[in-house]
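After this come two complexes, each holding chain A, first together with chain B and then together with chain C.
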Partner chain A sequence: MSLQAILLVAAALIGLGLYGALSQKSFVMLLMGLELMLNGVLLIVVGCWSRSTDGDPKGQLLAIIVMAVMAVDMAIGFALVTAVYRKRQVDVIEGLTTMKH
Partner chain B sequence: MLWMLVLLPMLAGAALFAAGSERRAWLALVAGATMAAMVLLATFAAAGSWHGELLWSPMLVLHVALTPLSAAVALLVPAVALPVLAYAAFHEERPGLRRLLALLLLFVGAMELLVIAADLLTLLIGWELVGACSWALIAHQWRDASRPASGLYASVMTRLGDLGMFLAAMAAFAGSGSFAYADLAQLHGLPLALLTFGLLLSAASKSGQLPFSPWLFRAMAGPTSVSALLHAATMVAAGAYLLARLQPELSRVAWFAPATIAIGLTTALAGGVVAIVQSHAKKLLAASTSAHFGLMFIAVGAGYPAVAVAHLVAHACFKAPLFLAAGIAGQRIDGYTLARMRLGHALPWVATMSGVAALALAGVPPLGAAWTKEAIAAAGGQISPWLAAAVLLAGGLSAVYAARFQGLAFGFGDPPVQAEPPHRIERMAIGLLALVTLVLSLLWLPRIRAALGELLGVVWPASDALALAASLLLAALGLATGYLLVRRHPMLGQAGAPAAVADWWGLPTLLRMSVSMPVLLLASAAARADDALIDAAPRAVAWLGRRTATRIARDDDAVVDRGVRATETFTTALAVFGRRLGERIADGLPEGAAALVSLGGLDARRLQTGLSQHYVAMLAIGGALLTVILLLGS
Partner chain C sequence: MVSGTDLAFWTLAAIAIVSGWRVFRTDSMVRSAFLLLLSFIAVGLIMLLLRAPYLGVATIFMMGVEMMVMALFMVMFMMNPAGLNPMNMVHQERFAIVAGVLAFAGLAAAVWLTDLPHHPLVAGRPVIRELGMELLGRSMLIFETAGVTLLATMIGTVVLSSRSGRFGPADAGSLPPTMTPGGMPAGRIPKKRSGGHGGHGGHAPSAASPTAGEPAHGHANDHPHQPPEHHA
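For the complex of A and B:
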């Protein structure tokens, strides 16, 4: 499997994630889109590591950090969503207008 | 060292003035001590034949030296000044007493410089100083306006003679290249004649000879002590002394002897008559001074300068006490009108001392002045017996006025006048001078006379028994006439023809008519001519200038002003334009920028929708742009 193929898959993942993040109204779906984009990024990191650095441990480390970031991201994201819902009874993005200028 | 003789009194005078004390005893002490020191110094200087030189510049050297004759005068000056200054300190009025004493000291110093000078330049300096001091001293009581005027009169009259001194100095320098007396022997011809003329002129003016005599009357405006010093030992003595000192050089000119004798004789006789009819005590004495200096001139002209100096000494010793006595008498009656005096009862001591001096003035043997008069007659006799007779006649005249002075001033009036006695110092001063007059009687002793002649290095003229007898007779006759005048005509000289004669035969009036008025008329005519003629050219130039200026001014209005006004208009327009443009630029730039920024701010706010998709979309667009840029860059 060539690096090119891996990058194509990763780009597809990122594109899907971006679409999801832009198009979905629900907070949960927005977070899913973001997860997909991060997965694409993780795939690029791992692909590049395996195909071009001959098993440098630093690449592995970066991949693990990105994974940890994804987990933290999810945890904080869902915590926020839960907090917003409890407070305002909303689960869609348009319901939250306090970030306006 | 000889300079000390000059510096000492001058410094003492300055110190006296600076010290500021007005106490009479202190002033008398300082002045008297200075004079005593000078007498000592002069004695030592004469004994040690001191001399001095002061290098002024390579060309000009000031010399001072003493000859036997000048030593005698140098000794005489402080010796006479000593009692006179002491008298001045106690006699004169309070205001300005310190200044008077200081000036008198300076006066004596200047006279000493003149006496010890051994070249014409030094002589000139002393001569001028003496003249300046005499002006200040005569005008001493300046609060009375007539006194400064008298000082000025005396000063101008003697300065006229000073011109002769300048002429003499220039002639000597031109002829011999030096001012020194020692080099005068090199002079010949015209320079020598000019020198003689100049010196004779200045000596005649200083010594009150005709036609300069009237200044001595005006000099009587000064205080008594000034008159005494002026007539006895300084100033007036300078003229006769100068001729006696330079007689060897001057007598090389043929006309010197006749001219000097003529001046002296005329003054002696005219002055004698003036003194006889004079009614003012001090003026009588002043006229007699002129007359006696005339006698000294005769002695110099006859070739016996030592006789002149001997008479100068004798004259100083009797004239000073006469003036001092006249001063005391004048103070008692508040004026000097002889007819009002008759103070014999009130002032016995002064009257006695004045009597001694008056006898000397009259030339009565055995007083010293009588012998010097005899010597002058004998000297004149060697020229002509008539001259000797004229001298004896002048002596007779002096007997007349001496008797008249004594009789009127210190006669015994009826009723006896009461007056306060003079101060002890005043009496002592007069007594001392009268004593010296008496001591001079020793001149009659042949042995003393011979010793003195040896000391001075001179030969006295042989006297003549006949002349002596005639002199005695004339003196007796003169005294008798004087006595008669006192008895019969005490008011003589106060009005009529005698009063005219008493004022130097009307000479001051004549001088005014013949010299002052023509000069003044000429001056005013010249001033008028100056106004009319010489001023015309400047006035024309001024007129032309004014015209041109007017024209230029008009052109100036037309052309220059228009230019200026146009410039002003242009500048104003420029300023208005600049103001408008400047406002637009200066205000517009910041305001426009502010508006743009505000607009940008408003637009930027619109991006902040509060919707996370928008933010995410912007992030994505930014990421896409970044990617495109990176791709393009690679």
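For the complex of A and C:
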């Protein structure tokens, strides 16, 4: 389990997440793509912490910040989905052609 | 010389990647939320292998709750949450595949070409205790900043998703879909839309709004503070 192997797995997760975020029509599936990318980022942070920092606790702190970012993007994403659904009754990206309300 | 740890790592990595791929390939959105949860659990278990027990368990717990919320949202908002019909809701798929493959190839090339430092975690180091001392010690300001960010997120979430707002009810003018076949689709109420087009001064209703009202009626419906809508 070398650091290279861990980073390769994380790169695959990030690539898959980017594919999902770009290709999905539904807002919630787009958020899933973002989450999958952050999953890969989390794996990168923990892998680097475990394999190349002598176990400096600041690496774990960075992972906790990444987890906070995950929570923030999900919460704001779902709030935006709710707001858009209230206003336009749409749940796909094609339903949004303007940013005006 | 494949050790048990290596075997476990590659198994979990395969589970994480395959379930991450199946997320976008299953008919049911609720099922895809659970597949994403499976991917997160596999990554959390890899973190346990990397001797980050706190982070691994926290990831599994947090994502368990988060994916439950996601599944709830699926049932609330999305069409076809149970996957009873085959579904493939994608757009610009070729571009997305190219972007995803390029991202993976670029990151993989960076991994192979970089001379990564090798300073592995010293065995027996009390990592959870050190994390606690770091969080509530020298890095407390960073940790508290994350807390304040989460508070701001909570406020922003309530502001964005509440029904009442500064300009009146958030769902004013929106039209839920009818439950009968052949009924009106969801969207905006057409009368309001024709009023917006009347604000242009032109009498010709656009082709997209066949139910445009009389111009005078349309002007009476105009709100002076609302800009006219340019798009149907």
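Following the convention adopted for this analysis, the second predicted complex is superposed on the first by the 98 of 101 C-alpha atoms of A that agree within 3 Å, B and C clash if a C-alpha of one lies under 4 Å from a C-alpha of the other, contacts with A are read in each partner's own complex, and residues count from 1 in each chain.
As a working rule, a contact is a pair of C-beta atoms (placed from the backbone, for glycine too) under 8 Å apart; a residue touches a chain by one contact, two chains touch by 3 or more.
Remember, predicted model here, so these are calculated numbers, not experimental data.
When both complexes are overlaid on chain A, the residue A:T98 reaches chain B and chain C alike. Contacts of A:L22 after superposition on the shared chain: both chain B and chain C are touched.
In the superposition on chain A, A:D54 makes contact with chain C only, not with chain B. With both complexes placed on chain A, chain A has more residues touched by C than by the other of chain B and chain C. By the touch criterion stated above, A:L30 is placed in contact with chain B alone, chain C being left untouched. Of the two partner chains placed by superposition, only chain C is touched by A:R86; chain B is not. Judged by the document's definition of touching, chain A residues 18, 22, 93-94, 97-98, 100-101 lie at the interface with chain B and also at the interface with chain C.
For chain A in complex with chain B, the residues that touch the partner chain are 18, 21-22, 30, 93-94, 96-101. Those residues of chain C whose C-beta lies close enough to touch chain A in the complex are 5-6, 9-10, 13, 16-17, 20-21, 23-24, 29, 32-33, 36, 39-40, 43, 46-47, 49-52, 54-56, 58-59, 62, 66, 69-70, 73-74, 77-79, 89-93, 95-97, 99-101, 103-104, 107-108, 111-112, 116-122, 125, 127, 130-131, 133-135, 139, 142-143, 146, 149-150, 153-154, 156-158, 160-161, 163, 167, 170-171, 173-177, 186-188, 227, 229-231. Listing the residues of chain A that touch chain C in their complex gives 1, 3-20, 22-26, 28-29, 31-33, 35-36, 39, 42-43, 46-47, 49-55, 57-58, 60-61, 63-65, 67-68, 70-72, 74-76, 78-83, 85-94, 97-98, 100-101.
Across the interface of their complex, chain A is touched by residues 605, 608-613, 616-617, 620 of chain B.
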